[in-house]
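Chain IDs A, B, C and D follow the sequence of writing; residue 1 opens each chain.
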């Protein structure tokens, strides 16, 4: 039902509320991406009940347009709605927008809103609110994380109460998908224009749930919004979001039945959770990856041979074991893997120390190379990768000193500035999103400063076409370039892991990592009653 | 000195403490030679091995030999804690003795400020300092030093005050001795013994505080085989490979016990009453 | 002996020591106390006299082992009694009173509770009856306002009052036998005389048999009917007080009797004639405490306490001037002021120096004015060797001509009659008397003109005290040194001082000639003081 | 004890808080990176940083920031969190409440265990019981909280599954649940304190049992029980008040780790998160409130000491 298949530019692109794609996802073992193994879960959804879901860090930002981390994305999704949202297979589906269409040149998009939308405070939600909300995200003063992530939007207008017209800077086929960005939530125009700080204490959205209480470090409670635009959802009466900053604690709480569902599980906890009775482990292949960024404009990384030599030192399968306990896929130094469309399946790079040494010698380092690799302490897998790389690169002639630092210090002093550091990125909704976020010369986070014109051209061309064949070719070229030139070492992708009790039904683990859809979740009769 | 040793060995605490610390000292000096494996070399095939003849203390998540890491890590853990205690002891003794000697309003001001600083829990204080300086072993040492100084000042001051009120100091003053002679030759030798006892016990706390800072990610940094850091890293794998955490954890506790015992033993041995 | 209340027969006791031979503390002790009798037990420190007291009470150290003998209370052997039987006796029929009344009372309980608990325990009274009886008992020991006293805590009453409470407690259950362990040593002279008078009266009234332990032969002689002299665990002589003083039989007793300071037996020659005073003090005031900022803010009264007010005194060359007074009279403060240890105001004229503050005391003054402290334990640095301690003033003031440092140290040690080998020892390896000799050697390293002696014999046994005094007098003869001799021991000061200054609560009451103090005393306090002191003469002539 | 002593002691508390606030402010000024950086994370652009810094008042000179802060505090306003825009005071007070609950539980546990152990060891000095308590206290004092906590978690929550692993349940919501969630963290925090305090109680009691007045009590024929409970205990336990009050400082520090491990949203966690996020108002308020707690506890301990020990009177 997804409109982007078999596409022509003029085609009307419509969203769908039907869930699709779960079956198309890559599976691993007998672990499910969705909680559905329980026998009575196959029945029709039951109404009511309280779901207690645990998250691994505080949801400090209640303002959806300021959300930065998964628990905050979860809150934003529970309490607010966007124009579109992301399906399990990374397509756009309707949220507040009922339907949308693009102009022929893909530069102007018209979104039609559902009728009779209302905010939690009872006031109507109209196109004016949408315009104000999108402008608020784009306003640099507000410093919303969504500012550079919702597509190249130039203008937002509201010809009438139900219609929003968005003009982009150049043709942009992925706009509906980009508008599903978790921060792109609609808030009342009055608040967006004047007093956004109000939203750090209260929530006035159009989402499936309403805020009951908010203690960011401990517990956030939401209850069903009876005026949600889809009268059949949500199924749950209430959701309690409990914060567990310690992975072991979070796992133990689920095992003990204190919680019903984990938003995410640490790879180190996954085996234990899988063994526990009454718990369904959840796993989905994702494009989330760890990399080592190299400053391609400075010595020694301005020499492609150095980068290639380093890439030849890495045992990628072993790296997946080291950093992800095996719950992941090996990377070929491109940011795409099987979880993305247009993935170019090249044979996996194997370590070759002789060749690595030779390359280093050619590059002018016959005695090897001393490097300092910086790894932030969050998440701890960054350091694991650093240590693994340090040891793996030793035989290749690299003497790497791993330096860890506080995440905030890293953000302040190293990120986007350093020449050799470990990065960590969530899956993006489209190949274009990840390429133009990280690797094109105009990328907003152009960390590697690789600035390859051939690559830029291919990505830009793919963005401006909706033809899959053409896209496959262009994205393949882009991946091949990264594969060969190694602007950044991408050795491993993570599977997303989670777990839930067997009485939780209707939950699907989303590969993007920022989509949760608790409005589809329901509890079977086996579920304990919570007050 | 020989006298003190004799007394020390005769008391059960002193003997056991000394024994533990001699073993620890051997590890500090020769740990790298004892270690059968490279403490940092990783192995994809030897991950999560339980203790066995091949790997006495098992291996960790990267397949590193834990026995080798514990041996080599003794140096980082113990020497740095000793260093922190030593620095705080010297600083504290200088400030405390000076405060006691100067007396009056200066003493009052110094001591009330030290009291104020002591009202910040030392772990929290150390945490703030390391956050400021950046996380590394050396900065953790510095932070522990700073956090320990007020306590040392307090102790040094109280023993100096006690020493100052002794008649032999009065005798020296009445004799017309110079100030530096009184402080260095009359007071200091008598202040040193109780301060050393206190410092020995503090080393145990320094080891634990250092380990705790490492545990919170603020002390030693991977891949260093520092014990606290090893515990911290191993915590995530606790249910699958409990030895990873238990072994360095017990090592920390044992050395801390050693210093506690030695401190108590020294207290008895250095007490003139027990002679 | 059958009518003896307390009889000790052939009693021997050892202390077991780790890794060495048992220490024989008491050997073959035999003595008995009749009803109404007071038996004195005299000995120097380490003689075992207190141990014997504890043995009678059956309260012994864990490492004590009895080798032989019996202790009979009214014919029953205490050594064979079970713990509950003993508990019934203790505090009832058998009681003990200690040296320091401050330490023997629990600081956190009221005096009343500490009396009544004994009445409840041994006389089976209920709380109300015990309270009534307690009040009665307190009034019986001549305490004013006994009902109020019952509600007070120990720190709220004086030392003499505390000892009265303890005596009342000991007498509360009509005891057969009481053991007094130096009950007046911690008290000043006048209150100790009052306590002794009270004790004499109660003994008369109750007919209790008493064992009175003390180091003070003159005092024991005044109190006791019979005196036992204890030396190193042996009783060397038993006799009446009078016999003991007039014709001591045993050599040790003779030595002891000779050592007791007797004002009638002067040790110094007549007053040295020197018109020019060596030291003269004019209107010296000494204040402690300070006037803090907060006090000023709150406009409070000056927080200072005055330790000495308007003291004027002269010391002539070669003269011994005694300063007497009870603790807190300001006599030690005076010593500290003269050595620059505490600030003072007023004028000090020392041999041409005019000093009006301690900052003006230069090295030369300090060389010429030396001080010896009460506790040699405290005044010798425990971490320095004797040689170093004595050499220090030599380095400071310069070596005598023709001697190197080691020679000078050896000579000084010899001067104080210590072997030269002591130079290599640490203070804790020496006995109390030896340590005080080292302190004297230090003071005389560069012969001073004035030595201030602050209670230098108070911590020493009587025989040791005598030799130390002898040493001081000899040094004076040799160097013509003047002494400012501060002490609470009136007998001693009357033996050696040319003149005696009497201080009371910071005031200098009067200065009297040492030889005929009693005749010239004009102040009431001085008279009371003189009357309260026990002298050997009194021990012979009168009996309490 | 006079009003002036009280006043002086109170002024000391004020001075302490002033020094602490200056010290913490000074340290926070030196922290690398600021709230704007952590707030924006990877979305930081120079414009965005400038905008956020202006909004948070981070562009003012340090002394002005301190003055604004101090003026606010004097008016009872602790400012607004830089992390989430919520007022600091209610958040901190709520967190403090949870921490204090834990602290009080640990303290009670400690008193209930440590004091009898210490007395027992002192009474049976040199015997087996004494040795046992001594060994226990050496072990207890030498295990860092994070090791103890994980061991307890493994045994009680995982192997035996008799206690909830972690988390916090308000007593008002579910009393039994709340208590059961408090057991493991309290035991962890109390462990070191028990070891320390039982040693102190033992040595104080040993000293007291050797005093003249205890000897005198024995020689008055009083029963052992009366001597122990009526005569020895009060004097032996008095110094414990001061020790426990000083240990509160350690307790508050230990709570930081324990809250981190047991996922208790107390003030320790709040502070760790605040430090990581460079949330200056929260750091300031949190540290200040801990210092105040410590100072006030010690103040009260002094008062209690004066009240219980009849010997001391402050003129």
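A few points about this structure:
Throughout what follows, contacts are C-beta pairs under 8 Å (C-beta built on N, C-alpha and C of every residue); 3 or more make two chains touch, one makes a residue touch a chain.
Not measured: the values here are computed from a predicted model.
Path length between chain A and chain B in the touching-chain graph (shortest route): 1. Note on interfaces B-C and A-D: more C-beta pairs are in contact across A-D.
Compare each chain's C-alpha centroid with the centroid of every protein C-alpha atom shown, and the nearest one belongs to D. The geometric centre of chain B is 47 Å away from that of chain C, both derived from CA atoms. Look at where the CA atoms of chain A average out and do the same for chain D: the two points lie 41 Å apart. Here the spacing of chain A and chain C, counted between their Cα centres, is 88 Å.
A straight line joining the Cα centres of chain B and chain D is 22 Å long.
Counting partner chains per residue, chain B shows two or more touched chains at residues 131, 134, 235, 238-239.
Shared contact sites, meaning residues of chain C that touch two or more other chains, are absent.
Of all residues in chain D, those that touch two or more other chains are 32, 150, 158, 260, 276.
Each chain pair that touches appears in this list: A-B, A-D, B-C, B-D, C-D. For chain B in complex with chain C, the touching residues are 166-168, 170-177, 185-186, 189-190, 272, 275. The residues of chain C lying in touch with chain B in their complex are 336, 339-341, 361-363, 366-367, 370-371, 373-375, 378-384, 392-393, 396, 428, 442. Listed in rising order, the residues of chain A touching chain B in the complex are 247-248, 266, 268-269, 271-272, 315, 318, 321-322, 377, 380, 383-384, 386-388, 390-392, 402-406, 409. Of all residues in chain D, those touching chain C in their complex are 4, 7-8, 211-223, 226, 230-231, 234-235, 238, 308-311. Across the complex, chain D is touched by residues 112-113, 115-124, 127-129, 131-132, 134, 204, 208, 211-212, 215-216, 228, 231-232, 235, 238-239, 242, 245-246, 249, 252-254, 256-257, 260-261 of chain B.
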